[in-house]
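As written, the chains take the letters A, B, C and D, and residue 1 is the first residue of each chain.
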């Protein structure tokens, strides 16, 4: 029953969520040392989570003799530098999203890790929410038939830290911050082996006085014909809206991860305290979630990562997945400029081929059946197409 | 307390909904004569709704001496012919959606009506649902600030009559059938005076063996910068999904018109009967609406139309609106082919100009305020941008 | 197409709702004269609703030569006096809920009306909400099997007018104000012919400095064995909570009439205006309904009443129903004092007899089948009872 | 980072849920030996969960030299026997709900454990759901003011194993099976120190051919004046309905733990597999939860229990709590027979005293303020009571 002993890089909100998860419930894993660029923030974090050591020396943190995994929870522009050091140290590395600021940076990171032969995991928590995992199992089991469309939406009023707003440090705006989640959720539902072919994206900066996009909508076309639709915003009002919708030839899935999860509270005020991430108010109708780190996928994510390390297998979310997400975001940014569909450019596709979704038309007396409808009297109405003339007709037949 | 006496053209599902509305509750209005191409369907309709006369002579129905309004509930390809006859007869005409199969056809219809000087109303029921009317009032009252984005979604498993599936008779597939609703809902929320500039649209035929699209997603860019997003499908599973979402700089509105309206029923079976339009099952969890013709807007729509006729004013939904919707759909179809943004081409724009939405940045000691966050200890954290360097920084200040 | 011409007695909130309904949409009915005890309120009401006359003379209003229906929208303690005058005038009378302050008073009113031979209608709007009407049709059609339990809940932060708080004028507190709705909703779902036998009720005054109950919970046992459960409160926070739940042997119905109807709005403030009856806030997450007079049942209620008058039949809600409701409330108040089940005392039961609900036990090889469960491998597990020993056992059998 | 090594008694559904939790995610705890009365079920369980040993010797399992905690997941009638053996062995014992079949049995169990001086924990999972824990923290923080009413509802179509249906083995029907959950949830929300004074309960056997109740509703009156309301049923249709509602003087909480948690799936069929505990169908609209053992509270429950053992403190749910729950259920069963309120008889109350909830009436010019209402014009309407005459009046004053 050995646990992991972890080097944590970074002390921001994501570091808190990660450590709350790693130290939570009956976990056997522990953060052993935390690195921060600021000695003060490192010390505060160390005390907050009862971590033995903090340091401002990233290399020392990574090479700490007692740790066997490194978690990168740093701002985007520091991922590459950190992962190079981890690769040199030969330890498994788990990196927060997005992997890089661009596909090119993500590819270099991937190369570094693969050449070093170390384990790499992509910390895409929203692909691990309990609802998502169960929905993915249902989809793989055929519950919705062929997936035709996935909508993934992540919007809130904007990030909590200054560096998030600086595209030079992050690689962009709301797409790079939030779109990476949506894109990988979409990929899971259409199937990771389903190649993303091209992207159409619209971006705009409508509210905040910044250079990067605070709103974006994108469409991703996959090889099967499925469409992924991501909607991201830093200007949403009312909390944090995390919803996914999946349409298939035989079914539908709707998931609300955060604002409507069966927990509703009205308070006339008087009490105070933390409601939920990005909640806007402390009075009136509030919609908390039960256990945030569970609902947001952090628990199942680290379970998969650590089991994968221990079992010598790949995790559900790999650094190659992170690279593909970056490549799709690059195409989205290109499309927002060119105002056309832009191809997803991948140095290598590891997913195989996916045939175009198709259904064999059913025939009725030589005519193509478009639809069957049950009439109140028990008979069926067929809507039929004459393949020769292209004409459509209704025909009522005996019941099923 | 005079009522309207109506010529009803058409005996399909829409004719039933219209007549159920016109004859419903304590209405003072009545259908006097109904026209159908089929004598049998005309007679059945007449008996179903206790209408004095039915006929297969469209001209006679329109010119009937006792009627003072004509309602066009015919398949799309018959709108122009019918409206020309009404114009000649000099009666007010109310036409179901879409107005034409193309903008060109819609423009000719509009010309005909305007030259004849008759009253014209566009029967776009979903712009009149009670929720929509109340939400529009809230938006106009400033409840959500500037509208940044409107999503309107209408999807179901496909229409009930053969002619709907024949693009030659309708002008297209799911866009022409369902998108026309979404587009006009969007226009109402962004403001009808807000010019639609261009459209990006993706269409595909994924499930049904037909020539036209059974799925489409489109983006409409308006002069203010607002984006309208329509999602239509003839392959949705689970009933009829009618939802609208509005995002604004100061608020959010979510409306579900049909599948989740506070009415949930589980039945193990045994009973039977009509559940709701496009419901797929008669067992398990079902989600009926209370009063369909009310919830779908038919009641408020005819109230507005008849009051407008009586008061000599324009209705909320005019034939010019119908024309604009056709023009946006034309652009959507062009875009689906060109795979680029396509301009919305209007022979005339009657809506004036709308400035780009804008917020004056707030300054704090010469720095631009990006965001204010309340900390648990009552202090505020400001995220600031240095306009000179473009750098972002956090600064904690005393509480408000 | 003749309409009703109405004498409206009372100018409070309920008078407004009634008149908004009567004058709404394409109604052919009109209020001709309004009576108020206050000349000022009468004039304001008259102007608000474009009514030709107002008066402070109740008798004159009732006997007005141009009206053919009288609507009683007065405080409870004035119902009897008003209805005596209407009976004398020989006009149809529609009386708001509750009919009387006690069953005795209600019985006298009923006598008066029946002796005069006039039409009497009980204006119980919440039995006419569109959802309720559709649910009642489903229940009658067998969708939920035998009804075992009905929960009806009506709670809000307390009434808007002073007289409501004075039990001498009303007959009680939250039960007389709100419980009357719940009780009649319950009666509709268990079947109006299903005799209410006895009541257990708990009341308390927990928040407001008044002599009557501001909270109550009651159970009603019906002849079939079904239980009705009403929950009323004048201390609920968060708006007006109107929910009904029906359990049956084969199904379940859940209805939310007011707070969660598929319309959700977040506003950061800035706008203002009426949100909904009893809404507590103007900011944050708000939950309006579409068309209040429709959702609360007023439209269908007057349609039924006026059609009943015109067709010479009884309405869905009669004054006898109002009397039964009063009798059940009397039993509830007695029970709250005696702390025991109290019989429902009726001077006359007009509903016939209802057998105890029962199911014939299914047998399997001489054992009683308690439950069948489908196992994942397709086999069935039976839970069986040996009628001789009273022992229970599991047995797995081949699939269906 | 030492974990617990566990003796698991019982291999039913609850044993599966417990072991799934104990072995789940990154847990450091493990089941070492499992006891079953049936060798076959023991072996299957051992293999299912990779447990080193199974045995049909309960004493040997309890005294196993390598285990340091015993979990009792046996049918109710075996709890006392098992706990006596654990007490003799001197190990910490965690017992599933209900503690006993009667308060007398529960008291003997409590005595045994307290005399032996061992740690005792009451495995009441539904008091540990993440939503419940967060809601309890909000209530304790004052978010809803004084709690006036708690409704806890647990209903489903009936248990999965034969012994549950035999009141001789369990102590009763739906109350003993499900009511124990509701009662302890209620106690948590009104405050565990708030003494339960008396109970009114109605039971009936409406559907299943059994001797015990398949439906029950109960009211519990607490010392503060708060009312707890439990609703239990073995005849609910549509899945498992687990909802709690809390009303307070300043707020409201609604929780849905199972059927409406933001996860909705429609499937036309074709796929199959486990949907959720007590789900009734595999087609149509389904409502799974994300992670059942998390949502039902098992994870947080064992975390609290094991931390309590390790920290030498009492857990949130103690065996004394289990005893109080049994005492309340005894009173409920007595009340169902006597048809009166019955006192809750406790051999000892360990909770102290709770004053009656009270609010000081606000005065306005010598009159008692009943309610303040904001008028659309910004003024306030006061509803006032004259304490001398008992009369109520409205008065409009300037805005706040």
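Here is the rule we use: contacts are C-beta pairs under 8 Å (C-beta built on N, C-alpha and C of every residue); 3 or more make two chains touch, one makes a residue touch a chain.
Quantities reported herein were computed from a predicted structural model and do not represent experimental measurements.
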Touching subunit B and also subunit C, the following chains: A, D
Which of A-C and A-D has more C-beta pairs touching across its chains: A-D
Subunit C and subunit D: spacing of chain centres that average the CA atoms, whole Å: 33
Where subunit A and subunit C are represented by their mean Cα positions, the distance between them in whole Å: 48
Centroid distance [mean C-alpha coordinates] between subunit D and subunit A, Å: 35
Contacts with two or more other chains, residues of subunit D listed in rising order: 144, 237-238, 250-252, 266-268, 273
Subunit D-facing residues of subunit A, complex: 1, 3, 25-30, 129-135, 138, 141-145, 250-257, 260-273, 288-291, 294-295, 299-300, 302-303, 306
Residue ranges of subunit A touching subunit C (in the complex, touch as defined): 237-239, 266-268, 280-281, 283-287
Complex contact set, residues of subunit D against subunit C: 144, 146, 148-149, 151, 155, 157-158, 160-163, 165-166, 168, 200, 202, 204, 206-211, 215, 217, 219, 221, 225, 227, 229, 231, 233, 235-238, 247-252, 273-274, 339-341, 357, 359, 361, 368, 370-371, 373, 376, 381, 383-385, 390-394
